[in-house]
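Two complexes, one shared chain (chain A), two partners (chain B, chain C).
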Partner chain A sequence: MDALLIVTPGAYTTVQDKGRYGYQQMGVPVSGVLDAFAFYAANMLVGNPDNAAALEITIVGPCLEILTDTHIAVTGAEMGMTLNDQPVQGWKAIRVKPGDILDIQQVKSGCRAYLAVSGGIDVPQVMGSRSTYAGGKLGGYKGRPLQERDMIQCGETKLLTKLRQFPSDMIPQYPLEIVIRAIPGPQNDFFHEGLDTIFQSDYMVSAKADRMGYRLQGPKIKVLEGMPKSIISEPTMPGGVQIPADEQPIILLVEQTVGGYTKIVTVISTDLPKVAQATPGDTIRFEKVTLGQAHSLYHDQKKLIQMLADQLSE
Partner chain B sequence: MHSGLFERAFFRIAGDQGLLVEYGDEINLEVNTKVRTMAIIMKQYTPKGVIETIPTYRSLLIVYDPSITNLAKLQKELQRLEERLYEIQIPPPDTIEIPVCYGGEFGPDIEFVAETHDLSVKEVIQLHSEPEYLIYMVGFTPGFPFLGGLSEKLHTSRLETPRTFVPKGSVGIANNQTGIYPVSSPGGWQLIGRSPIKLFAPERPNPFLYQAGDHIKFKPITLEEYSRLDKEDEK
Partner chain C sequence: MDAKTYMITSPLMGTFYRSPSPEASPCVEVGQKVNTSDVVCVIESMKIFTELRAAQAGTVKRILVENEGLVMKNQELIEIEIG
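Moving on, here comes the complex of A and B:
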């Protein structure tokens, strides 16, 4: 069913779901949403299953013409948004009808917003996922970011009787200075002082920050005397912090599968949304946690999401 | 002699959902065979909570769901499976023949490779298309095979400045490696030819023609054959 017509596409808007698993060994990265928390929230608000595809909107939002009676919700970065020229809020379901114009403007806080439509964005599944991997021209809407006049379909709409609203105290804030938690490794043994450097310094997000990775600028991170700077190429995880030849860290994200540089620490999965919401110029400080702490944070986060889902569907 | 194979698997923590397991510290057949065998056994026995297993040259990345399993369980499982390695038969490798039109506009660096090694272009083509190459791993872009077995006479360093666009199908050399670009991407390998075959087709039930462990054999073709095969593949 035709649901949305793209009037203007915004800076970089793609269709994403949780990601494409099982093909990394063939060089196909997982892709998928960068901020899973905001993505789940958007789907909860319109009553979708948690993996329904949504639009990931970056920095400058799209302007859309609504083509059907449905619910939408926008979460994540605060962008400023109007429906038929009247301001509307994020983090709540909005009832829309054919002919409505939803204009999502520019980020005021954060970097990425998520737009969910009742029934989910309907694009063909490619290798088990609807996520766009633009580098490989696959998935999502024709394997690319959205363009003017694209016609977006959605699954079957189920209108909710009550307009859902996210609890305001649960809406994340996106400050300009962020602390992200990380576990040493996989190559922490290649570093000594380097570990002190990364956990004690401020790093600035550079202009080279995209779905593949965030390049940071700050004090150089040196490998131990006598240790090689590159290693035999191995698989990478989203959140891995790679130290390339220029000794400036890169937080690897979802469009990378293998790499031959050492990774000093790995950002915990619970904190990846914070990275996703950082923009060039923001300050990042790494805080050391253990694997055990990371796992208990993961369980807490999972419980929180489940609790919110239950609460909203009451 | 040092085989590069570790006596015991070496575990590295790759965040709260990744366990990296190293089986050796060299790129060689023995180490890579162990990695691939472990990948096969993991696929057969898929321990609970394992989302994905990714084999590379000498290591395996296990992606897991921490709400279902944990590090201690996974390590135990991996050690248990390693003890059963002898039961596992690696399926015989497929050999995939890949037609390549060498030189000309498809291989802008072939003359540089020839000059570097004091060879003729014809000799480069012969040396490159003779061996059956082992696919050590696939990565970098969808379906990009890292091949072992390149003749020492062809080892050539990467371009000083990588190209921003390498067309899909391009066949290249980087140091002791050779490979093919299944999708267009930036790249710094010395390009010596191009294949008209579609190496990655996400719409096919199996989007790939090969996997790690298979062999690749390049077959030199003429420009006419290239055009014909290119058209056939479009259909």
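Moving on, here comes the complex of A and C:
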């Protein structure tokens, strides 16, 4: 069913779900949403399953004409937003009708917003996922970011009896300085002082930051004397922090498959949404945690998401 | 009487461009009229060219940044006189 007509596409708007798993060995990156928390929240607000495809909106949002009677919700970065020229808020379900114009403007806080529609965005599944991998021109809407006059379909609408609203104290803040937790390794034995440097310094997000990875600027991180500067290329994971030849860290994200640089630390998955909401000029500090702590934080977050889902569906 | 103005600000740190491509002429010049949602400049950052649009119709009063200048988050770029 036709659901949304793109009047203007925004800076970089793509269809994403949780990602495309199981094809990295063939060079197909996971892709998918960068801020999974905001994505789950958007789907919960419109009563979708947690993996229904949504729009990931970056920096400046699209202007959309609504073509069907449905619910939408926008979460994540705070962007100015109007429905038929009247201001509307994020983190709550909005009832929309054919002919309505939803205009999502430039970001005020954060970087990426998520727009979910009841029934989910319907694009063909490619290798089990609806996520866009623009670099490989596959998945999503014709394998590319949205453009003017694209017609977006959605699955079957199920109107909710109550307009859901996310608890305000659970809405994340996106400050200009963030602390993200990381575990040392997998190549921590290539570093000694470098580990002190990365856990004790402030790093600035550079303008070279996208869905593949965020390049940071700050104190140089040196590989131990006598150790090779690179390794045999091996699979990378979202959150891996590479130290390339210029000794400045890169936080790898969802559009990377393999890499030949050493990874000094790995950002825990629970904190990747914070990275996703950082923009160039923001400050990042790494805090060391153990693998055990990372696992328990992950379980806590899963419980929290389940609790919120239960609460919202009451 | 002071006319009302508003500022176009940069949503993020990046490079300011007055035109959408190197061959194109600038989106706007001082004194030019703009309509709501006309593109007035472009910011390059995060491998994305972000077009910034006029929030309200008016006349370009001042352009505060040189073409290809580095701009910071929330920096004022272009002043537009409403009306």
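Simple rule for what comes next: the second predicted complex is superposed on the first by the 314 of 314 C-alpha atoms of A that agree within 3 Å, B and C clash if a C-alpha of one lies under 4 Å from a C-alpha of the other, contacts with A are read in each partner's own complex, and residues count from 1 in each chain.
Just so we're on the same page, a contact is a pair of C-beta atoms (placed from the backbone, for glycine too) under 8 Å apart; a residue touches a chain by one contact, two chains touch by 3 or more.
Bear in mind the structure is a predicted one, so any value in this text is a computation, not a measurement.
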If you stack the two complexes on chain A, which partner ends up touching A:279: first (chain B), second (chain C), both, or neither? second
Considering only touches as defined above, state whether A:121 meets chain B (first), chain C (second), both or neither. neither
With both complexes overlaid on chain A, does A:209 touch chain B (first), chain C (second), both or neither? second
Once the structures are superposed on A, label A:269 by its partner contacts, choosing first (chain B), second (chain C), both or neither. first
More chain A residues in contact [chain B versus chain C]: B
Chain B versus chain C as contact partner of A:22, first or second or both or neither: first
Check whether A:81 is in contact with chain B, with chain C, with both or with neither, and answer first, second, both or neither. neither
Taking the superposition as given, does A:8 touch the first partner, chain B, the second, chain C, both, or neither? second
Between chain B (first) and chain C (second), which does A:302 come into contact with in this model arrangement: first, second, both, or neither? first
Interface residues of chain A shared between complexes with chain B and chain C: none
Inside the complex, what are the residues of chain A that reach chain C? 8, 11-12, 58-60, 63, 105-107, 111, 176, 207-210, 279-281
Given the complex with chain A, which residues does chain B contribute to the contact? 12-18, 20, 25-27, 39, 51-59, 61, 63, 66-67, 70-71, 137-144, 146, 183, 185, 200, 202-203, 207-208, 211-212
For the chain C and chain A complex, residues of the former touching the latter: 11-15, 37, 44-53, 55, 72-73
Chain A residues touching chain B - in the complex, by the definition given at the top: 21-28, 126-127, 135-139, 183-187, 232-235, 237, 239-240, 257-258, 263, 266-270, 291, 294-295, 298-299, 302
